[in-house]
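Common to both upcoming complexes is chain A, partnered first by chain B, then by chain C.
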Partner chain A sequence: MVESIVSTGLAIGCIYALIGITYNVMYSASRVFSFTAGTLGMLGGILGALFIARMGMPVAAGFLLALAGGALFGLVTEIVAVRPVLKSLDQHLYVLSTLALALMVQQFTAIEWGTEARPFPRLIDIPRGGFDQQFWLPMLACAVVIVGLELLHRRTLVGRAFLAIAEDTYAARALGLPERRLRMASFALAGVIGALAGFAGGQMLLAFFGNAPLLTFYGFVPVALGGMGNNRGAVVAGLLLGLFQQTANFLVGGIFASVAVFTVFILVLLVRPEGLAGGVTPRRV
Partner chain B sequence: MSQLRLSRSELPGTRFTFGVALPLLALLVVGLTFPLFGGGYWGVIATRACIYWVLVAGLNLVVGFAGQIAIGWVALLTLGAYTASVLTAGNVMPPLHPYLALAIAGVVGAVFGLIIGLPALRLRTFYFAITTLGFATIVTQVALAWQSVTGGGVGVPGPILPEPFYSQWGFYYFCLALAAICTWMTANIAASRFGRALTAIRDADVAAEACGISKPALLAMVFLFSGAVAGVAGGLFASLQSYITPDAFTIDLSVLFFIAILIGGQGSILGPLLGTLLLTVLPEFSAPLVAWSTFLYAALLLVIVLAIPGGIAELLDFKNRRPLESGRAIMPRPELLSRLLGTAKGRSALTLDGVSLSFGALRAVDELDLKIEPAQVHGLIGPNGSGKTTTLNIISGYYAPQRGAVRMNGAALPVLAPAQRAHVRIARTFQTPRIVGSASVLENVMIGATIDGMGTFVESLLSLPRHRRDETMLRERAMQALAAVGLERLAEVRADRLQHSELRFTEIARALTLRPAFLLLDEPAAGLSANEIAQLSALLAAIARAGTGVLLVEHHAELIFDVCDRVTVLNLGRKLAAGTPAEIRSHREVVDAYLGA
Partner chain C sequence: MTLTRRQALVSAGAAAFASGLAKPAIAAKDPIQVGYLPALTGPSSSTGIGINRGIQLAVQELNAAGGIDGRQIELITRDTQSDPTKAVNGAAELTRGQKVSVVFGPVNSGESLAVVPLLARTNTPQVHPCWVDTLTDPKKYPMCFRNAPTNQQIGAAANRYVVNILKKKKVAVISDTTGYGTASVNAYVPMLKGMGADIVYQGNVDAANPDLKPELLRMQSAGTEAIMPWSVNAGFLSRIINTRGQMGWDVPIVGQTTLGSGQTKDLLEKLDYWAKVYPNNFRPVCYQSDGQLTDRTREFLDRLKSAKIDIGDTLLWWIAIGYDSPRMIAEAMKNAGTEPQQIVGYLNKLKGFAGVFGDISFTPEQHDGYPDEQVVMVEANSLKDGAFRLAPGYGA
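On to the complex of A and B.
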């Protein structure tokens, strides 16, 4: 039993952490939290099932196309819902514009794909057993993303430019960095990460339109608790969240587990609004 | 001065006036006569629209006025629906009378409205939006799981109202009456000091604090009210459905409520009402629209946000599309101030004793002593970064000094309590004017004296006499302040249509409406023309003559030497010199460091 709680909890936690990183990548480039983070995860699962199970593509092709779909939706988010409202960040219009876009995609999916949860294909043709691929695939995806982002930020010029934008947009622009193109690249990258989360977790979460609001909420918990823009914090908080949720699931049952997660989330936020990792309150006057 | 003694009916203002009421009354007439035209299914739609509006009217104060992004309000509808249904169904305890059950649903709604709402005081926008969304999901899941009470997926029958509200049209009129009452109550709030304070929290929260508006207390009242009407709406909704299951309360419904307000326009009653009607009726015109309704709402929201952020209300605001007179001049009449401010009553000075504040290694203010006398203008000058604005922010309670204290009448003022300053009659303006752009100039100025109203939130809700007296008093005082600074002709204009200099004088008028003992001005002359600076100078002198102590942070040397009784010069957070303008002008170090030869 404990074994099952740990493997499920860590796997789900990795998916939450990846969605949290999706939020962070978009946030670092634009100071915008986007409601489309969970939508990306939902799309990853549905596109994977569409390409591989329904259209019969090879796994690799379906995988790449699903990620490309995520990148495309990331770009659309930037162009349609983020760029037009960046000028008035303090009015929080982005909350509404990204919510609108997320709802449109979610409803479109519900109608075109259906409201039933459909199975996601097994990706690797090996027999089921103990520590199954549905558990280790999300963990692998999470590890790859973490290492990949570290390498990107430390070893490449583009990655350093990302960090510069995240640190101080005005200064970065004054240095001559192409802020708009970097922002678009960030949103495309976020799209890839979000879709990867949904694809890798597809066998657990299934191809289901209702995953969008679920992931939007549970993926935000690691961001809020781990600190905005802090990817390591998101991974730690995501894993803890997954374990906590599965334990509560086992002890008190699924629905009250959600209540427990929600309650803990609210209480922690009320005590530490800046997250467990801390942060700075912006100057008001 | 005599022309200021306007009779009550002549006073312009934000009352729930006939002009505002007319379209609402027209809608009520349509509602009352509706059974003559339509019937059957359209009757259900009309009843549903009324029920939705009962909820949206309350939510409108949260979203449209206070600007809180509360998306998951369907949670309260669900709670109200289940409370009313379970109490009348009698599956848990002996069945209660439907009216009593509806009232209890309102109480439950109010309590949970407060619980869902309160995180808004601590959390930032997106965080709050997510928590309300989470709450909506949780409530539905609990309804599904708690089978012994809610019937789980099978559901529970809704309350049935006795005659005369049992029949379709009887129930319709019951809901219409509640909708009309909610419209009236929220319109009363919108036109009260509470409504103006809410918009101030939304658009200029720092200025709201400086005016003494307590955000927690105000939001708590609004969440209680909004939750209560949402709970009642839930009970009615269950009654209309006649049988409820958790499926009935989807997030889509929440989205409808939320988007109706934004399509209608923030800070309006009519706009969200039209928005609610539009969104309720629109999907009924063709079957495909039902399936795509949420998509449609979301697309509408996107268009509204990107193209017309003011919503329907802005499209209907014909009055503010008339061009303003160009080349208008601000003509202050300082002689009117003595009536507004009264005369000095021997107040004591406002003092800073050894105040220090460092930001990291930077000593922004270092062992500063300062004494601001009543009925004097005290200038605070110095190069950029010398600690002028920091000093002002310490006095007005935004920063806590690490050493020393700010005293008035011998008592130290509480630190980090900017909303307390208005209560000891300290008012201030800001380097960049902080104004509610969508409110009229008069409404903005009335915000300044919010704390002088005597009536409670409930009295305003029901438009009781004390509320009406408050409004008359606030309006009269604000008009006096506007006349004194020379803006009374613009009283009815939306503030975001004003020029920069007019905004500066509006802020001063707002501060004067408080009848301050001390007035703190942060670079009021920045961006003004030479002529306007001369007007400002005369105005400040008159304010001091009327007994108010003025602290003037300014770069404009001519204004300082013209109007100040005493001047303090700061450099790198320390006092470099203090004295009369003549002494400062010839002070060697000051001339070297700041004024130049």
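On to the complex of A and C.
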């Protein structure tokens, strides 16, 4: 039981953490909370299955194309659902525009791909074992993303520009940073991370259009608990969520496991509205 | 020459009388229009595509044999695209625009839930193969008939197999959280208890939950002797089968037809895991205990093959329902007439219509025509030519 809680819990927690990071990357660049993050995860799984299992492409080619598909959807999100509402952020219109785009893509996927879950291919041709690739691939993907983002933000000029935009959009623009292009690059990057989450977790979650709402909801929890825009908080909260959810599956089971997860989520937010790892941001007056 | 008012009235009356006499002679040669509402595209189209192959063959055969009293049958098809809204639009157009004599379909319950009340309001006879129990009601929908089993019959057959044939008393009943799943569990658990079964596990689980091992461990520790999953979600069902296989547990899994579908098979980690999985099916279109199809079904299968109808990617019972439906409607029209009341009057007294899918009977009080004993369980891993072998334990 403990082995199952740890392996499945950490794997699913890593997928939630990656979706949480997807939310954060889009949020940092635009202050828009885009509800297309879960849809990106769903697309990663379905595009992977489409390219590798159905079209017979090599795993590497299918992987790159799935990530490219995610990046493309990230760009479309920025152009179609985010850019038009940036001028009226205070009205929270992005909730409607990003949610509408997510629902449209989900329905389109259901029609074209089908409403049945379909198999996601085995990515590495090794025999199944206790600690199978379906568990360690999401963990590996999560580690790669954390390290990659750290390197991007600390070692590259583009990464520092991302941080500048996230810190203060107006000041960054005043300094001559190309805010729109950086925002588009952030959404493309978020698309890649979201698609990677779905691709790495494809063997667990299968290629299923219904994964979109699941990932949208459960990917939101690490963001809320870890603090908006805080990737480290999202990772810690995502892993805790996965472990807690799997423990609840064993202890109470069925739909009560979901009830337990959201009860704890609400209780934590009541005690610490800024999230477990979030700090109170002072407001300039 | 001037025309008086009286002469004009007489002329008009004569013309009307003459046209009234001539009309039946012309109409008798017109084709008989039968409305047809299949889902040929969209997410739920696999059933519709299978049924459509049977329908087309039956209409072709009926017309080749001279139609109904010399009148050809013309199928007026409206693809519902698996969408209840489009099904309603199609039904409205068939009844108001085309004025069809009778409608077959829709072939999915979700669409039928929207269409049945509409057709009832327009007094159009309807035959459909959908399973949701409320889709027939001789009082509310006196012109609507079902030539397929109800969900009650499906659940009862699975329960009979577990309790009476496999002799298993400790049963785990699990479903997904959809309306179908929860309604099935709520309906079938009391039936099982009434048969003396002990429900040692009962649960609803989100179909997208990637790990069902906790649920199966709970079932195992409760002493489960048979698992009964109720879901149409192949992902959910395959996870139950895969987890059972990983645990090395050989408990039988008995339930809905999707357990034996190609989508479920595609999601299995090993094909061996499909052993001891018993989905619902229908005795007339199964390989019997001697491994053979019945004469009627074998003859039908040969006819499908000679007509070059593909059965490799669909199920025989879907094609059989499609094949039987226009033949049953044609029999009613041939014997009683093409007017709505005549068709309904005949169907209300239909007794033992010998279909490939099953023997259909109706009464004025009972519009669910499929016999209980023809709903059976089969071996999921025995699919050949669209048909399955009867599950172990059924007599000849």
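FYI, the second predicted complex is superposed on the first by the 278 of 285 C-alpha atoms of A that agree within 3 Å, B and C clash if a C-alpha of one lies under 4 Å from a C-alpha of the other, contacts with A are read in each partner's own complex, and residues count from 1 in each chain.
Everything below uses one rule, namely that a residue touches a chain if its C-beta (ideal position, glycine included) is under 8 Å from a C-beta of that chain, and two chains touch if they have at least 3 such contacts.
These numbers were taken from a predicted model, which means no experiment stands behind them.
Enquirer: Identify whether chain B and chain C fit side by side or clash on chain A in the overlaid structures.
Expert: Once chain A is superposed (C-alpha atoms), there is a clash between chain B and chain C.
Enquirer: Counting only touches as set out at the top, which of chain B and chain C does A:Ile111 meet: first, second, both, neither?
Expert: both
Enquirer: Name the contact category of A:Asn211: first (chain B only), second (chain C only), both, or neither.
Expert: second
Enquirer: Mind working out whether A:Thr156 is in touch with chain B, chain C, both or neither, as first, second, both or neither?
Expert: In the superposed model, A:Thr156 contacts neither chain B nor chain C.
Enquirer: Could you let me know whether more residues of chain A are touched by chain B or by chain C?
Expert: B
Enquirer: Using the superposition on chain A described above, determine whether A:Pro273 touches chain B (first), chain C (second), both, or neither.
Expert: A:Pro273 sits against chain B, while chain C stays out of touch.
Enquirer: In the overlaid three-chain picture, which partner chain does A:Ile255 touch, first (chain B) or second (chain C), both, or neither?
Expert: Both chain B and chain C are touched by A:Ile255.
Enquirer: Kindly classify A:Gln246 by the partners it touches after superposition: chain B alone (first), chain C alone (second), both, or neither?
Expert: second
Enquirer: Taking 150-158, 186-194, 204-212 or 474-482 from chain B, which overlaps chain C after aligning chain A?
Expert: With chain A aligned, chain B clashes with chain C through residues 150-158.
Enquirer: After overlaying the two complexes on chain A, where does the chain B footprint on chain A coincide with the chain C footprint?
Expert: 111, 214, 253, 255, 258
Enquirer: Give every residue of chain A touching chain B within the complex, in rising order.
Expert: Going by the criterion above, the answer is residues 33, 80-81, 84-85, 91-93, 95-97, 99-101, 103-104, 107-108, 111, 213-214, 216-217, 220, 224, 253, 255-256, 258-259, 262, 265-266, 269-270, 273, 284-285.
Enquirer: Chain C touches which residues of chain A in the complex?
Expert: Within the complex, chain A touches chain C at residues 1, 4, 8, 12, 110-111, 114-119, 128, 204-206, 208, 210-211, 214, 246, 249-250, 253-255, 258.
Enquirer: Please give the residue numbers of chain B that touch chain A in the complex, ascending.
Expert: Interface residues on chain B, with respect to chain A: 69, 71, 119, 122-127, 129-131, 133-135, 137-138, 141-142, 144-145, 205-206, 251, 255, 262, 291-292, 294-295, 297-299, 301-302, 305-306, 309, 393, 398, 430.
Enquirer: State the interface residues of chain C toward chain A in the complex, per the touch definition above.
Expert: 42-44, 177, 203-211, 213-215, 217-218, 233-236, 238, 263, 266-267, 269
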